[in-house]
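Heads up, the next two complexes both have chain A, just with different partners, chain B and then chain C.
On to the complex of A and B.
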């Protein structure tokens, strides 16, 4: 079937203002759609990176002593005993930091004492239930033993290190490229040595926004005495909220010398860490949807205008033999040409915008399949928007051709 | 060629019914040039719409080249309009965004003719109306008479069995009117049946037969002497005979 492209195109070129405006709208929409989608997908990938942590079933509890009578060591032991015995709890540990929260402790490790140090590595203090509490998988070596758990640091002994540590696979590969890190020694910022006794993978530390959130190591030590105490509590699936209410009720009144700051799901802290990404995602989705909606309205409005101002033309076409589907086809071809011109210009605009974003904001360069997807989507939306006016045009009676007005 | 028997066409609103054609009967033979006359509102255009399959009718029968057209699908009616009928409108009805060539090509494209066939037919039609050199002109670059000649070229390019002309000189001055009527007579002399709707008795006299309508009914027939074969371009002689 002939699509009558040439006469339709030449008619369009003679009456081009509306068509050019709509094509420009389509071009801008494509540039926004392709780049915004690319950025959204990147953010989503970032948010949904595997953490190795059972994040949906973990609670974070924070308490702080506030009287001179408060004995942190005794309080921690008492709290842990309660938490581990509470119904619905799988494991619990005291810790110095909250995983995935973008807040925590760092240290610098080197593989030879006295050598230059580059950057910091996230460390997380846990006890022998730490790995089980997080749900991370030990892929080599062993877990901490109870007797290996070091006492909390004090104000007089803040530089003390630990004899053994467990590292993430990513950190092991970073410290000892092409080697098995098990049994190897590392030195902390004060050149105190520790031996690597286990490797876990995958795992993400406390700083998901850092360049290498997967480089993390665990220290077998009770939380420092001069900060608040945090507990991580892993519950049976589906029991998290029930357990939260239970332990909040108990811990709030179990020790009059401390205050319970909060009992919150770990996912709360993760969501806070990604709040910027989530907000940006929502913003981009909204803007993109609006741009597409406005573009669809533009296509619809132009097609409707063309139909209403060409009623006599349509009647004449019908009189000289056009079937209803010929009329629909005519308007769909016309709209297809406008949309095609728009997406063609939009490809250039999208690539230019992608390049500018990559240079200005250090984003990865726009991948072409986002552009192809955007072209297909906008073309389809453009045709859908023109469908109803085209159908309306097809309902024009051929007798309109003989009417004087 | 065209046989209407007892055809009625009623326009209805919520309050009233108006008979645009009432028990209308007419037979037109192949090669005839028939003028349909009558005052405004007499049903001339309705007759043309029904005859040209632009509108359905309510009762009666209509045979077009022996085919009963009542109840035909929209597609079949479109095909018949495209292949068997040529239309000439009072205000030319050219597509303003298409040039002369593309305007004449319009019905041929709907017929799905090949490019070569279309080119040949368009060339012949434009040659006949004397506008071959204006093929790439836009309608706005032509005079009214030239535009109507383009419309005639569009109507005859598909080699229809008959032409329906609705006040074809209504928007033209007398010189251009004469040229257009000469052209229609020339086309009629080549064997094409022509039905000319007009309110102008002088133009009607150039037809071989005049059917006068009043209130949707035929009130009068006049038959004129046939034009001499070589006198294409001259007015028909009024040897009026009332029937």
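On to the complex of A and C.
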């Protein structure tokens, strides 16, 4: 079967403007489509990186003492005892920072005392229930014991370290490349030593936006008294919100010397951390959908127009022996030629835009799969949009040729 | 003549209803996306105190690690200063106004019948309100003498006054802040600088603090900065006094220098201090003492995320797509009506008249498209607003504030819409006007 490309092409070249306009639309659409999809996929990957944390069943409680009568140590003990006994609670810990919230503490760790330090490492204070509360998995070593939990740092005694820590696998690999970190010693900013007694994996710390959110270590210590006290509470699946209401009503009035700032699901903080990424994703998905819609309308409108202005010619072709199939094929081939020219130009445009984005905004270079996908999609859209007008062209009666107007 | 062309245009719309609707829709969508993106971008990239751009300066000095700059890529000094350096510079009489401040948190209790609540509180020197031109609803700020020794005075934001006192004039009322008695001296009017340029720690689009207290309370009550405390070297920080004597940065400093001469004098004061301190073993890095105006400050701190620039580019690509679409549809429509145009030409209409008539048709389409586009953009912004609100992101209310239209932005958007579409319609109108009438009369 011949596609009769040559006559179709020469007819096209005689009446270029409309075709050029549609091809230009296809080109822009391809550039937008390929790059936008690529960015969307990257953002989705970022948002859905494994955190190792039971995100959906954890509550964050924040309390702030504000009178001289407030005794933080006693308050924490009382609160933890209440939280751990509350129905629906699996485990609870006091902590200094909220995981995945992009806010928290950093320390520097080195593997030899007195050596130069660079970069910070996220640290999270927990007690013996900390790992269970987060739901992170210990892949080597052991958990903290109750008697290992150190008292809180205070305003008059702020330079203590802890005897033992638990590190993430990623941090272990960073500090001790190709070695087993278990049992090794590390030194903090004041050259106080600590021994690594456990390794967890996977886990994400408090700073999802940092370059290495997976480098994190846990300190067995009560939260310091410079900031408010936070509790993490892990509940039975599905009971998070019930537990939240229960503990909120209790803690709000259990101690008049402090205020309960909030009881919120951990997912609230995660969503806030990824607000930029999820807004970008929503925007890109919307615009991409609009681009596809507008482009298909453009192709459809031109094809319709071409059919309606050529009714007489179609009739003539039918009268001299063309079958309906030939007419349909003619319009489909014409559309294919236009779309092909468009995607060809669009490939150049998409690569140029991708290159510019990678240089100017430090986004990764466009992967070619996305370009190929975009080409196939636009081709399919073009053919689909041309199908209905082509069918209508085929229904033109040969007798039209003999009538004037 | 205009009225006649208008009638012709309306008739032509009635004849080609589908295609007219498509054109208006295409333009409207392009405009809507552009206006939404530009509104957000404009709000993010604005300088909320542009009229003071040659007077307000952020003060920064590089006291960081000799081996590792804080910002390896830009070599900018830390955005905040140490306590001891701000204390020295605060004594200078060169600046017209000077502000040292940071944000902390405190529990407000015993105010009316409201239950105690912890609120963001700014510890600041007295010039804050005059320097950043903060509007007052009731009362005023404190005088510089109330900073040191610290007097128990507090300024509330309008929203906080609403919460505590139901919006009444609360000047003179007392409340407890972290269990110390304070007297309300002023209540701010609505004030949402976007971005919150004067302190970018904790986010550029967060709301201003709920309360403000004199600077001296920082040392008195041992108040830490709740957003950013950064130390480059291990120091023994056993007490708050140790912290104040340390090389940790946590205080934000701004000065108002009315002219170039005072600016130079202040710069040489900083540089002289730097030399002196260096002799004592501080400031191990190369000299990097900066006075940064607001617009440069916003650029240095990358307030406008790259994402937003990408989105603006994308929005214009989409607008281009929509306009191309419209040109195609207009061309199709005009060619379809070419026979009528041919008759009119044959009956004596000049090319210019045909052109004018078609352009009026285009203008109507573009106007409709632009109006619909603006309406869609408004709906879109409202939807975004609700989306943020629904996600319980009230704390970051600053993002919601971004979603408001600003009048100038709308005017620009209308002009953009109108000009873009007229330009798009120019070619089809011109092309049809140039057709030889004979061709179309013949085929009749």
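Keep this in mind: the second predicted complex is superposed on the first by the 405 of 405 C-alpha atoms of A that agree within 3 Å, B and C clash if a C-alpha of one lies under 4 Å from a C-alpha of the other, contacts with A are read in each partner's own complex, and residues count from 1 in each chain.
Following the convention adopted for this analysis, a contact is a pair of C-beta atoms (placed from the backbone, for glycine too) under 8 Å apart; a residue touches a chain by one contact, two chains touch by 3 or more.
These figures come from a predicted structure and were not determined experimentally.
Trainee: With the two complexes overlaid on their shared chain, look at chain A and say whether chain B and chain C clash or fit.
Mentor: With chain A as the common anchor, chain B and chain C both fit in the superposed model.
Trainee: Quick one: is A:402 in contact with chain B, with chain C, with both, or with neither? Answer first, second, both or neither.
Mentor: first
Trainee: Which chain, chain B or chain C, is in touch with more residues of chain A?
Mentor: Residues of chain A touched, chain B against chain C: more for C.
Trainee: Between chain B (first) and chain C (second), which, if any, makes contact with A:48: first, second, both or neither?
Mentor: neither
Trainee: Which partner chains sit in contact with A:191 here, chain B, chain C, both or neither? Use first/second/both/neither.
Mentor: In the superposition, A:191 touches chain C alone.
Trainee: After superposition on the shared chain, which partner residues are touched by A:112: those of chain B (first), chain C (second), both, or neither?
Mentor: Neither: A:112 stays clear of chain B and chain C.
Trainee: Does the superposition put A:313 against chain B (first), chain C (second), both, or neither?
Mentor: First partner only, chain B.
Trainee: Using only C-alpha atoms, work out how near chain B sits to chain C after the chain A superposition, in angstrom.
Mentor: The answer is 9 Å, the least C-alpha separation in the overlay.
Trainee: If we count contacts the way the header does, which residues on chain A are in touch with chain B in the complex?
Mentor: Residues of chain A touching chain B: 1-2, 4, 7, 10-12, 14-15, 312-313, 316-324, 326, 397-399, 401-402, 404.
Trainee: With touch defined as at the start, can you tell me which chain A residues reach chain C in the complex?
Mentor: 17-18, 21-22, 24-25, 28-29, 31-32, 36, 39, 64, 66-68, 116, 118, 155-159, 189-191, 226-228, 259, 261, 268, 271-272, 275-276, 280, 282-284, 287, 290-291, 294-295, 297-298, 301-302, 305, 308-309, 357, 361-363, 405
Trainee: Quick check on the complex: what are the chain B residues that touch chain A?
Mentor: 45, 48-49, 52-55, 74-75, 78-79, 81-83, 87, 89-91, 93, 95, 97-99, 102, 105-107, 109-112, 138, 154, 158, 166
Trainee: Okay, in this complex, where on chain C does chain A touch?
Mentor: So the residues of chain C touching chain A come out as 19, 22, 26, 29, 33, 67-68, 105-107, 109, 115-118, 178-179, 222, 224, 226, 234, 236-240, 305-307, 309-311, 314-315, 317-318, 320-322, 324-325, 327-329, 331-332, 335-336, 387, 391-393, 395-396, 399, 431, 444.
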